[in-house]
Amino acid sequence: MAENKEASLFQAPPLAEQERMVEAILFATVEPVTVADLNARMPHGADAADALAALRKRYEGRGVRVVKVGDAWAMRTAPDLGFLMQKETTEVRKLSRAAIETLAIVAYHQPVTRAEIEEIRGVSVSRGTVDQLIELEWIRFGRRRMTPGRPVTYVVTQNFLDHFGLESARDLPGLKELRAAGLLENRPAPGAEGDEDDEALDQSDMFEDETPEEG
Amino acid sequence: MAENKEASLFQAPPLAEQERMVEAILFATVEPVTVADLNARMPHGADAADALAALRKRYEGRGVRVVKVGDAWAMRTAPDLGFLMQKETTEVRKLSRAAIETLAIVAYHQPVTRAEIEEIRGVSVSRGTVDQLIELEWIRFGRRRMTPGRPVTYVVTQNFLDHFGLESARDLPGLKELRAAGLLENRPAPGAEGDEDDEALDQSDMFEDETPEEG
Amino acid sequence: MSDEFDDDRLPVEERLAAEALIVDVDGFEGPLDLLLTLSRTQKVDLRKISVLQLAVQYLRFVEEARKLRIELAADYLVMAAWLAFLKSRLLLPPDPADEGPSGEDLAAHLAFQLERLQAMRESAAKLMARDQKGRDFFVRGIPEDVERVRRVTYTATLLDLMQGYARIRTRDDFRPYSMDREHVLTMEQALERMRGLIGFMGEWADLSSFLPEGWGLDPARRRSATAATFAASLELAKAGRIEIRQDETFSPIQIRKKADG
């Protein structure tokens, strides 16, 4: 009984009300917001995850949508209505072919070292290319590889996911097929003994900092 | 009669679709939008006023509302949820050059004493700079150095790693990598050729001979 | 390419020259890219590609480039040499004494590399064809910041941090920290000066006359110079080189060379 009384002091708002709150916060915020952040801002006892699920459903098929970006959530306009938004379109800096390919390699092979990027492209990565991708906040430094020289690795960012409308790096187009075809492997050249990066690019440590799916 | 035929060539989208369009435009535009503006942006034959009325009704009682601003329209958070928005109002300022340099030295050389920071920067470090970095929770006190005066050392915090998207301070690129990324001009100090890279990577014993005096 | 940032050891001019050459080869981005392009003429699945035929095509291309006096980047020539080697392996019957990888293994690896590069190209195209923020879908145009609870936070990017660090570590006038000594005469300096002057000393002379030129005007400089010169005098007296006297408290201090000093 006493416990019940205590609980009622911190009565969580009804779900419909929580949904309104999540809606208001996501509407007002440009950057994706995590469930933890939502909970921190909402009254004690609220469960943003449930409210979020309801809200997402409500916006299905609408002009704006609730989208997942990594482990965070945001509202974005429906892509099929992009044609209405000429005034809002921001000019994206034209990326060189090298930059686009480097970005794709980081996304599909992350965490990946510069040497591996060069190995895949068969050409050295020019100094400006990586710099440009970091500046766009599409890639960032990951953990150093535990191989001789401890080379820096690169991984993609939440900004990258947000920009390309991806829930997680697992949702990259064709990822499963590429992996099944063995094209994401780092095969050493025959005869090249003790290739230093051989075991390091083990599939298991791909997408290491992905958080598991949540409600 | 001729007019009717003409109109049917440009069949207006169904009202539900028009509502989606108005929703997306109001969501994404930077300024409130007039009905005339909406009509100008929407496909020929659409009637923004009707769509707007329907949209307005749809958002009644929701976390955001369609409101009139002068003779234009916008979407706004419901007034009763304003308390949720207080977190959005932080003003973000760029860190001063002195603070960035001090922070960089702590990150690259931690644990580091104030005298060592001053030695590396070549100028004295104001108390305010260190205090600011501590207040931002980017640096904190580390262990005291076991040298005369037992000076306090500084180290970076988990907050720092989170903010800069680093897994650990060891993942910061070394001088060689900074140069490769084009962040460093290829202009080694006279007489310092070749040894600086090693220094940056091998930070632990940089100061072992030092017996800095703390004030 | 095995070592990260290996190319960075080359001087800038050399690297720029190398990059210019690569661009010169009909816009190909390296030998692998060229091979991939050549492979399209075979119009088959990359897994079924004839590496031998490809090697021949590549060698012909290089030959052609030489005839046209196009200077090929070293990468292209290295690949040409490797493909010539591969070609010979594929054509000659295997030597049982040879322990190296077989021509088939090498060919299969090259086919794998080409297929992987092709796959990344296609993936990059798919990625760029996706709906993009700011082009196909949009963020909130009026992020709300109605209730201005003014709280200042400071921010910096990783680039700021690294550039800051780079700035410090490459500063031209980088020097170990030391106090600004413009207005300070050290005892060592004074001692050095006094030693040089002792030989020319005659009778008792005022200590203040030994201050270096230009140090007597500014009060801070005069104080420092006086203290240093006095300390140096004590040193010299202790060493038995000079004598010191003062007639009474606060009167001028006088020194002279010791007779046998």
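The first chain written gets the first letter, and so on, giving A, B and C; residue counts start at 1 in each chain.
The working rule: a contact is a pair of C-beta atoms (placed from the backbone, for glycine too) under 8 Å apart; a residue touches a chain by one contact, two chains touch by 3 or more.
None of the values given here were measured: they were computed from a predicted structure.
*Asks:* Using C-alpha centres only, name the chain that sits farthest from chain B.
*Replies:* Farthest by centroid: C.
*Asks:* Can you figure out the chain closest to the middle, judged by Cα centres?
*Replies:* Of all chains shown, the one whose C-alpha centre lies nearest the global C-alpha mean is B.
*Asks:* Just how far, in Å, is the C-alpha centre of chain C from the one of chain B?
*Replies:* 28
*Asks:* Using mean CA coordinates as chain centres, what's the gap between chain A and chain C in Å?
*Replies:* 32
*Asks:* Where the centres are mean C-alpha positions, what is the separation of chain A from chain B, in Å?
*Replies:* 16
*Asks:* Show the residues in chain A shared as contacts by 2 or more other chains, in ascending order.
*Replies:* Residues 27-29, 75, 77-78, 85, 88, 114, 134, 140-141, 152.
*Asks:* Provide the list of chain C residues touching at least two other chains, using ranges where the numbers run on.
*Replies:* Only 4-5, 138-141, 143-145, 158-159 qualify.
*Asks:* Write out the stretch or stretches of chain A touching chain C in their complex.
*Replies:* Going through chain A, the ones touching chain C are 27-30, 74-79, 82, 85, 88-90, 92, 97-98, 100-101, 103-105, 107-108, 113-115, 118-124, 126, 134-135, 140-141, 149, 151-152, 162-166, 172-174, 178, 181-183, 187, 189-191, 196.
*Asks:* What residues on chain C touch chain B, complex-wise?
*Replies:* So the residues of chain C touching chain B come out as 4-5, 8, 12, 138-177.
*Asks:* Help me check something: in the complex, which residues belonging to chain C touch chain A?
*Replies:* Against chain A, the touching part of chain C is residues 1-5, 7, 19, 22, 29-33, 75, 100-102, 105-106, 108-109, 112-113, 115-117, 119-124, 126-128, 130-141, 143-145, 158-159.
*Asks:* Tell me, which parts of chain B touch chain A in their complex?
*Replies:* 19-25, 27-30, 41-42, 61-64, 75, 77-78, 81, 84-85, 87-88, 165-168, 170-173, 177, 180-183
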